[in-house]
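The letters A, B and C name the chains in turn, as written, and every chain counts its residues from 1.
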Amino acid sequence: MKPILVFQTDFTYKEGAVCAMYGVVKSVDRELEIIDGTHEIPKFDVWSASYRLYQSLRFWPEGTIFVSVVDPGVGTERRASIAKTIDGYYVVSPDNGSLTHVKNMIGIAQIREIDEEINRLKGKGTENVSIFHGRDLFGYCAAKLASGIITYEQVGPEYSVDEIIELTISEPTIEPDYAKGIFEINDPNFGNLWTNISTNEFLKAGFNYGDYIHVSVKHNGEEKFSDRVLFEKSFGYAPKGDVMIYNNELMKIAMAVSQGSLSEEYDLSYGADWIVEFNKAQSPPDSLRKAD
Amino acid sequence: MKPILVFQTDFTYKEGAVCAMYGVVKSVDRELEIIDGTHEIPKFDVWSASYRLYQSLRFWPEGTIFVSVVDPGVGTERRASIAKTIDGYYVVSPDNGSLTHVKNMIGIAQIREIDEEINRLKGKGTENVSIFHGRDLFGYCAAKLASGIITYEQVGPEYSVDEIIELTISEPTIEPDYAKGIFEINDPNFGNLWTNISTNEFLKAGFNYGDYIHVSVKHNGEEKFSDRVLFEKSFGYAPKGDVMIYNNELMKIAMAVSQGSLSEEYDLSYGADWIVEFNKAQSPPDSLRKAD
Amino acid sequence: MKPILVFQTDFTYKEGAVCAMYGVVKSVDRELEIIDGTHEIPKFDVWSASYRLYQSLRFWPEGTIFVSVVDPGVGTERRASIAKTIDGYYVVSPDNGSLTHVKNMIGIAQIREIDEEINRLKGKGTENVSIFHGRDLFGYCAAKLASGIITYEQVGPEYSVDEIIELTISEPTIEPDYAKGIFEINDPNFGNLWTNISTNEFLKAGFNYGDYIHVSVKHNGEEKFSDRVLFEKSFGYAPKGDVMIYNNELMKIAMAVSQGSLSEEYDLSYGADWIVEFNKAQSPPDSLRKAD
């Protein structure tokens, strides 16, 4: 069977761009299967694009081709590429940082720059359009690859994996009864925030499900949250409205408001300037302290 | 042919959760066909989940498998189940009230609790994740069932249909020239509100298309709307901007603003505390009365 | 292979309407392939429906069947039709202006009114529903056509292409070093605005990539924007935050803020009352003038 094409972009479905892009794919080969990864990556947010690839890629069959188009530099000098991961997936994307997590957390075996002479859409009057590579280059070339019209080698010239543009991935600090990291991404729907701290490392550091743990969140040095909150396996262990710590879908430590929105209610967000500290050996919960 | 999988959740497409869930399905069996029911159920709104299943299920081929994941209690004691309707559909869902309308309006022949030992995703490092049953349990088990890898009996142990968790469905009162019910759901896009009053019963009670009918809407006893409005078959019979009563897509009495939004313009919503009364034999429309 | 069905509506995915509509299609023929064009056309916006068809249609395989349901007049006298384009596509739509661009920019060879006696859904209890032709008429009839159950001739009686309801398409004025047109549509996600001026005509008129061009935008006579801005092939040529002119995906002249939102930041929109003038031979950029 031909590989599945999974698309993620920041286009949204508000107008006809996704539709035109998918039409190109189906015009290359009617048999190709197209899946919406998401078209709601925040505009121009290459970091989120990179993270979302890492979040879902492993759950797809080997050989699946991901097409990721968050491309503020479209039509300029940035490379348009197809990477092959060490475990056999393909990622079609501008080489603009979108490959950061896949390279670091999974591993890229090879990368090739798409040859626009050969692998760009022709005959639809868009040869002089510079702003829609999702349709004219990435989607079209990915379809040719998925269909078997071209081999991976025929995508274009290989270049060194070392040259791939990478954003900075921050490493957490984990010590007995203490962990420090960042909120590295959010769940924009439920308002949860996900740290870069591995749950397995967190458990090894002495934190246990059922513990009340002191959490401090600082943004550019300013304290935005400080309290002791419950660490549990799932939201339902905390009363509705309570802040809690939990093990998220990628086995990372995350924070939420049970049946609420942490990011909205406490005005918190993510990025390298959002520092989170977890401390086990600290004073009792504020709620208890107040009752002293 | 293998049954179609129709998914509805409150996840939205804002991040990678749906993508990961669908990847699991395709990893079970590449041939399975996945359809988006909706991923925009309001967060934690089990009532809407229940209603949306009822709204669309009958229009699908017999044997279709619906996967509904609105699951505020994920990872706690609520059952994860697969129900079989009396007309041959399957609904994969937490047993948390999401099955209310299917049980009451269609009928459930059998229900089984998913055996997590056998029918939970393994080998992807998510064995200790408790918060994403859409991916790790519901999606995975539904895919196995659709693929024929397991029979319905192999889902897990059967339990009594009487044990299914049900939300309260309110019954309307219908008398000659009078009807009283609730707004039981909305159309969140167009801002229409749908009552629990059957249009056929309404017509039998003496209301006719073309009539001006007095409508009163009360929320917790407080009057929120009171006027005589047109009852017609479709929106276009009323001038743009007018409130009207119409027969909705499920043959229920509903209210709308013609080419506007009733819920926004009049600040109305739905639920057991939203009482709607229709009265035929009442004073003339306010507009006429003012002209007296 | 059976033709693909591409759907566009103003329903959104917020509730179960799309799901019910697609269920009807799959109940006609399990093999039919359904693609989301978009379900986020602005409510009741027939102009956008018309434009989005034009934007994406040509990129699909010949024979593709588009189903467009933006239908404020549903259940009234407007015709429900299937048009066949001169290049072999089908458009299933209310004949309410939605066919304007396809007729004018592509060409309609034939149009037929759907015979409701034969080609309306039966047996699901919706025979007396007047407000959901997407499910009961357009989707159902399109599925029968795609499946080969009916021929195009069996859709219903043909009528003259001249009778098709058309909205007004405005023509630009292009002279040496001068162009005047309207913003005829937006990109609602990125906040770009697209004129009705062909890029090829614009280039022939003497404007060149790299030029700073004076742009004036007037809304109902009132000046809303006036400045000299860069004309380039893509966004990345302008500094982040700068207004610019570019060649859009349909080879039309468009305006954007580089990595920003022109429509939001300058409160601009589209329609016949939004006049845009481009003038080459004019005073230097405001920024330079201020530095005099």
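Here, a contact is a pair of C-beta atoms (placed from the backbone, for glycine too) under 8 Å apart; a residue touches a chain by one contact, two chains touch by 3 or more.
None of the values given here were measured: they were computed from a predicted structure.
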item: Category of the chain touch graph - line, ring, star, complete, other; value: complete
item: Chain copies touching (chain A, chain B) - same or different residues, decided at half shared; value: different
item: Cα superposition of chain B on its sequence copy chain C - rotation in ° rounded to nearest 5; value: 120
item: Distance from chain B to chain A - Cα centre to Cα centre, in angstrom; value: 31
item: Two or more partner chains touched - positions in chain B; value: 36
item: Residue numbers on chain A that touch chain B, as the complex places them; value: 1, 4, 6, 8, 35-40, 48, 51-52, 55-61, 64, 186-190, 199, 233-237, 246-249, 251, 259
item: Chain A residues within the chain C interface of the complex; value: 10-24, 26-27, 30, 34, 36, 43-44, 72-76, 124-126, 128-132, 135
